[in-house]
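The following block contains the structure, expressed as structure tokens.
A, B, C, D and E label the chains in the order they appear, each numbered from 1.
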Amino acid sequence: MSQGKVLLSVQDLVISYGNIKAVKGISFEVYEGEIVTLIGANGAGKSSTLRGISGIVPYKGTITFEGKDLKSIPADKIVAMGIAQVPEGRGIFGNLTVMENLKLATWSRKDKQEIPKDYQRVFDIFPRLSERQGQLGGTLSGGEQQMLAVGRALMSRGRMMLLDEPSMGLAPVLVREIFTVLREINQSGTTILLVEQNANMALRVANRGYVLETGTIAHTGTGLELLGNPRVKEAYLGG
Amino acid sequence: MTYLFQQVLNALQLGSIYALIALGYTMVYGILTMINFAHGDLFMLGAFFCFLAATFLHLPFIPTLLIAMIGVAIVGVLIERFAYKPLRQAPRVSAIITALGVGIFLENFTLVFAPYPQSVPTLIKNTTWVIGGVSISSLQLIIIALSIVLMILLDFIVRKTMVGMAMRAISWDKAIVPLMGIPLDLVISATFALGTSLGGAAGVMYALAFPVIDPYMGVLIGWKAFIAAVVGGIGNIRGAMIGGFILGGVEILVAAFLPSTYRDFVAFTLLLVLLIFRPYGILGKPRPQKV
Amino acid sequence: MTNQPSSIKNWIERLGALWEKIVSNRKLLPILLVVGLLFSFAIPQFGLLNQYVVLIMIYVGINIILSTSLNLINGYMGEFSVGHAGFMAVGAYVSAILTTKVIPANLAPWLFPLVVIAGGVGAGLIGILVAVPSFKTRGDYLAIVTLAFLMIVKSVIENIEAIGGPRGIPGVTLLTTLPWTFIWVVITVWVIRNFVYSNFGRGVLSIREDEIASDLMSVNSRQVKMLAFVISSFFAGVAGALFAHVLQFISPRVFDIVKSTDILIMVYLGGIGSIAGSILGAVIFTILLEVLRPLGMWRMVLMPLVLVILMIYRPRGIMGLREFRWFVPGYDLFASKIWRKKKEAKDASAS
Amino acid sequence: GGGGGDATIKVGVVAELTGDIPAVGASCKNAAEMAVQQINDAGGLDVGGKKYKVELFIEDNAGKADQSASAAQKLITQQNVVAIIGPNASRYAIPASEIAESSKVVLISPWSTNPKTTLNANTNESKRYVFRAAFIDPFQGRVVAKFALDNLKAKKAAVLYDVASEYNKGIAEFFKSTYEENGGTIVAFETYTTGDKDFSAQLTKIKDAGPEVIFLPNYYSEVPLQIQQAHRLGIDVPFLGSDSWGSTELITLCGADCEGYYFSTHYAADAATPVATKFIDAYKVKYGSTPDDVAALTFDSFGLLWQALQTAGKVDREAVRDALAKIPKYEGVTGNMSFTEGSGDPIKSAVILQVKGDKFVWFANANP
Amino acid sequence: MLLQAKEVTHYFGGLCAVSNFNLDLEPHELVGIIGPNGAGKTTVFNLITGVYKASRGSIKIDGVELVGKTPNQITALGIARTFQNIRLFKDLSVLDNVRIANYSQTKYNPVEALFHLGRYDAEEKRMAEHAMDLLAVFKLQDYADEASKNLPYGLQRRLEIARALATNPKILLLDEPAAGMNPNEIGQLMEFIGWIRKEFDLTIILIEHQMRLVMGICERLKVLDFGATLAEGLPKEIQNNPKVMEAYLGEGGDL
């Protein structure tokens, strides 16, 4: 994969919650047009890293997007700059309908006339959402909620999408579908930073991957390299 | 028959006043899921702003109303910033208790400057028409109309607009809202300003209908509006309206047809029974949750 | 000793450490109880402290009973009851009627413990009525139920001419003494602590955390709620009885929503889910009110400000969800350690 | 016990500065400060040939019964006052009076009208140390009832009162019983609860009952709303009130709506004695408003205390009590009063005033 | 037969979330329920445990009807569960989380509890020891006094199972126990489930989307789709069932 320009760069990122240091000085970058995956055990600090990028937790270190330092930019402006996140646990607004959840994600979009097309795109990818437009988010099944969360990120039309375990709790057929969709989204120009437990799948779609272990980066390489790395295999791919 | 009509009209007026205050209550509740126990006292401030503007600046009705609404909104936003915002991550009751404290503070602070009840000058010429033995006053009609208009307006904002959606989203999960590109603090402040200015407006209307005001006037009515909001289904705009009318209706009609000594007893027992049969209020639903 | 501030800080830290040591030393508790009881007799007997201080101490005691019992509902169970003054009213009226109308005056001092219990039982029975709606509804809706209950109690008393209506009952005998207050405080704290550290009490806690999960872990939430409400209202009734017999006058106005909010403030100021918190909350609130007297009208302006600032810095109250070791039963405190020791012993003997 | 050994006399006041009736507390505080200032400006109070300065301690009871007791207790034990003036409302005066009685310190409540304030509820005998400056509910209820029957010739009356407040309820009931005993009929006896501002339901009911006069034994801050709402409903019979109307604020709040109505009270400003005129003028200068009944009664409570101190000839709690209990005649702002041993209630007469323009005008004397 | 569900049907408003669900469970079986998202799997658990009352049909354990009973009664009859989204008592200690689950088996009454009389001491000791033993089995004993919210995610999942077992169940319902685990951890979980089943003599119903786990340990599978039963049988049969492949598994089975 030929490398374009650096879109997102994370340098010496440190995130702590009170006395707990969740991320202990990691650095990595994401090039324009890539899919990069972060894998690692529970509690390794993957989600915290994503939260730091989106500006919803304070951090030490530098994060730049298109060369701009994100530190002093509030979370909502970061979204407007083009970083969308599918948060861990989906973050669906349970008291809003499916349609309203999607609509809300267009808050900072300027290209209002493009929005209907994007709804159509989301409903094409997830026909189930189209059936459930009027249902309250809180009563959707786990998988339906995950679709909605991804759909919502699509609606905000970021240049970059951060996904936190999008395959969690999904039926196999949907997992495959999600990964296919991710590839599609990526091919249509969105850079993706993907956090996954399903390391097999993640490394297969990713251009590059980083393995986090208790707050630091333990391994890095292309997706295929990591898939073949015996230490990675043993710890994350189930032998 | 005239008697009944008159009493129904009385009930409508009282109900619309309760509704007017309950609207602001429900509005703030709707976003922060926090009972703003200071709302009754912001309502009182509204009445006092009205008094000051009308007595010392000799302003007519509309400017007075605006001044009161803006004044109360500013106080409301300040309170939000300094007393409630630091508690966003804290348990819900902490903010409720803080609100209680803020309310007591507002009452007694006002009291230091106004230990005696004050009389509010007439801003709207109040004509009374007698139709078939039933008296209707213009003020009554204005209050009823105002509360209905505000209810429809708010209902529209909350249900149909983007801002309204954002408000509802905030009530569900504040943490996720910024990830949608929504400026959380701004929306919260805006809602707070809106909700409290409604309280201010209610204060003005109340001061015109009952032109004797004092620093504690918001306490009892604040609790009653809270009851109205909850009976209707707290967080629900239409519910607040219905709750207000139910409470007003029950109070008036019990006093009208039973010995008035028993009014509170019967009225509150009825409300209790109502809540036993509709545990989440008339229009309220328990927060949908999946197990 | 070179720079002043750090040595002050040092002292504060040392004092803090000492305090920490005291409250976690469980052996001190029985000593404190005995000394407290002795003093509660000695103070009025020998006039060690003046009447005013004694009166305030009695108020503090009554407020401890109120805040500890309300904490059971609002702190441990996570509900929001605003009707505690109502239960207090029931206890006060039942006991005052007994001492003024039923029991001959010369017997009253002897029967006072029974009178207080009767007040508690009266309130406890009413507590059942409020527990029933709590099966179905929660949170703000239950808050309204308790508020309505409070209004109903007030209205009922106002309408019964035989017990004075709005004029209340004057001339209630002064029977609440410092020793009695002390004893009732100890009983209240002891019983509520016992309850909290039983599986019923843990059920109360689990309802606060997650009612559905708690039901699915076999907790009989109706039973638990019923118990919590009855116990809480019983002690509110006890406090009401003591209150009536120190104030010597009760009227429905005494038990209005303001009284309820005072108790709420004590509970949340001290800290939810904590007996130590309830005690601290009651002590601080009551004493602060008296200490700030010289401020005149500004007192009631300053009090709520203090509350707000405290809540901002300590959102769960001073002792929220924490406890002095004094109030934790020994076995509960060391359960895991005891188990580990036992296991080690077993392993050792096995090998 | 002894009150103050130096050349000062310590006097305590317990008032409702905050809480549900702050206006009452404010007037009480104003009058108290004025009474003390007058004495001190004149070089002090002459007791037993010695000039004493008066030191005043004002405690807020926050509109709470328990704080009334603790405030009184504090004044007695910490400040060592010779006597306590206040609290005003009976629901606060009663618990404070229990403290005063057991501590053997004189307590004069300016404004408490519940007969039980000065009575030991168990023995029904008078408390030894508790006095008041106001007349009691039964007296006033009777006065107004007689006035309605005899002067207004009204045979059908309606009453609207606050059921949650002992003062209003007390007078309302004594009015009712006297009125009915003397041949009148009560066609409506309606209630509301403290804090209510909407009385339309009750007034509609009253209108339906067709009374010839309506009695409103309620606070001056509520009465204007009641009368205005009644007028809006088309009720046009005369209204009657009690001493709680007695603040010129009533006229400010009521505007023209109260014109021509009557109420019973302690004194008439226009037909005032020199004592009253002097007080009213001084009060106006100092506070910029006409004193209400609470202020006048508080001032008289202090006057009673000064007279008792002077009669006693020494600053001693017990001596003050003895002197106070037998005051043969005290010329007060609210009229002449006297006490007889065995009762803490003053013997005084009432007047009926009428609202005329922006003044209360003397209409009749009333001695039931 | 241990558990028997007959024609169980449930509606949410107009939506039929579960229709005519049948299940016969013999003691000691390990049955898997799979199906697309929103098929109604969790709802089945909710119906069995009494969170929702079945609109129609009957569910019996040892011949005792469960429909109409409250969740705590049903749990006391021997059915315990975990949740798709962890629902621990967050602020309570790990030990308390487990002790609470002993509620229906507590042998002292409220009066004994209030005054710490009678059986209180002995029972408290028994419950604490029982809970600690259980925690030890799950290697959680060192966290006993820690608030459960402070546990890492993986341990929270384990604690949930421990808590469920503390109710002393005959049947354990596991709702997506492998969610959020990497393939390596899933392997360990499989062994673990097999082991507790033997150790505690359990009958298990398992909902899962991780095919490796489902195919690896379930003896029997039920496949739900749109609330209805799409297929049932041995894992091998299901894996090759074209209807299941289309609705659920997708092409190729290398997950």
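The definition used in the following text is that contacts are C-beta pairs under 8 Å (C-beta built on N, C-alpha and C of every residue); 3 or more make two chains touch, one makes a residue touch a chain.
Only a predicted model underlies this, so the values are computations on that prediction, with no experimental measurement involved.
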item	value
Mutual neighbours - chains that touch chain C and chain E alike	B
Partner chains that chain B and chain C have in common	D, E
Farthest-lying chain, centroid of Cα atoms versus that of chain E	D
Approximate Å spacing (C-alpha centroids) for the pair chain A, chain B	43
Rounded Å distance, chain A centre to chain E centre (Cα mean)	31
Whole-Å gap separating chain A and chain C, where each centre is the average of the chain's CA atoms	50
Between chain D and chain E, centroid-to-centroid distance (C-alpha), Å	72
Contacts with 2+ other chains: residues of chain C	154, 158-159, 212, 297, 300
Sites on chain B at which at least two other chains make contact	108, 111, 115, 219, 261, 263-264, 289-291
Where chain E touches two or more other chains, by residue	42, 51, 83-85
All touching chain pairs, where touch follows the definition stated at the start	A-B, A-E, B-C, B-D, B-E, C-D, C-E
Chain B residues within the chain D interface of the complex	3, 6-7, 10-11, 13-14, 17, 108, 111, 115-117, 119, 126, 128, 130, 135, 137, 206, 209-212, 214-217, 219-221, 251-253, 255-256, 260-261, 263-264
Chain D residues within the chain C interface of the complex	17-19, 58-60, 62-67, 69-71, 73-74, 76-78, 90-91, 94-95, 98-99, 102-103, 114, 116, 119-122, 163-166, 169-170
In the complex, chain B residues that touch chain C	29, 35, 83, 86-87, 89-91, 93-94, 96-98, 100-105, 108-109, 111-112, 115, 219, 223, 226-227, 230-231, 234, 261-265, 268-269, 271-272, 275-276, 279-281, 284, 289, 291
Chain E contact footprint on chain C (complex, rising order)	191, 194-195, 198-203, 205-206, 209-210, 212-221, 227, 231, 273, 321, 329, 331-332, 335-336, 338-340, 342-343
Residues of chain C touching chain D in the complex	50-53, 55-56, 59, 100, 105, 154, 158-159, 165-171, 173-174, 243, 246-254, 258-259, 289-290, 293, 296-297, 299-300
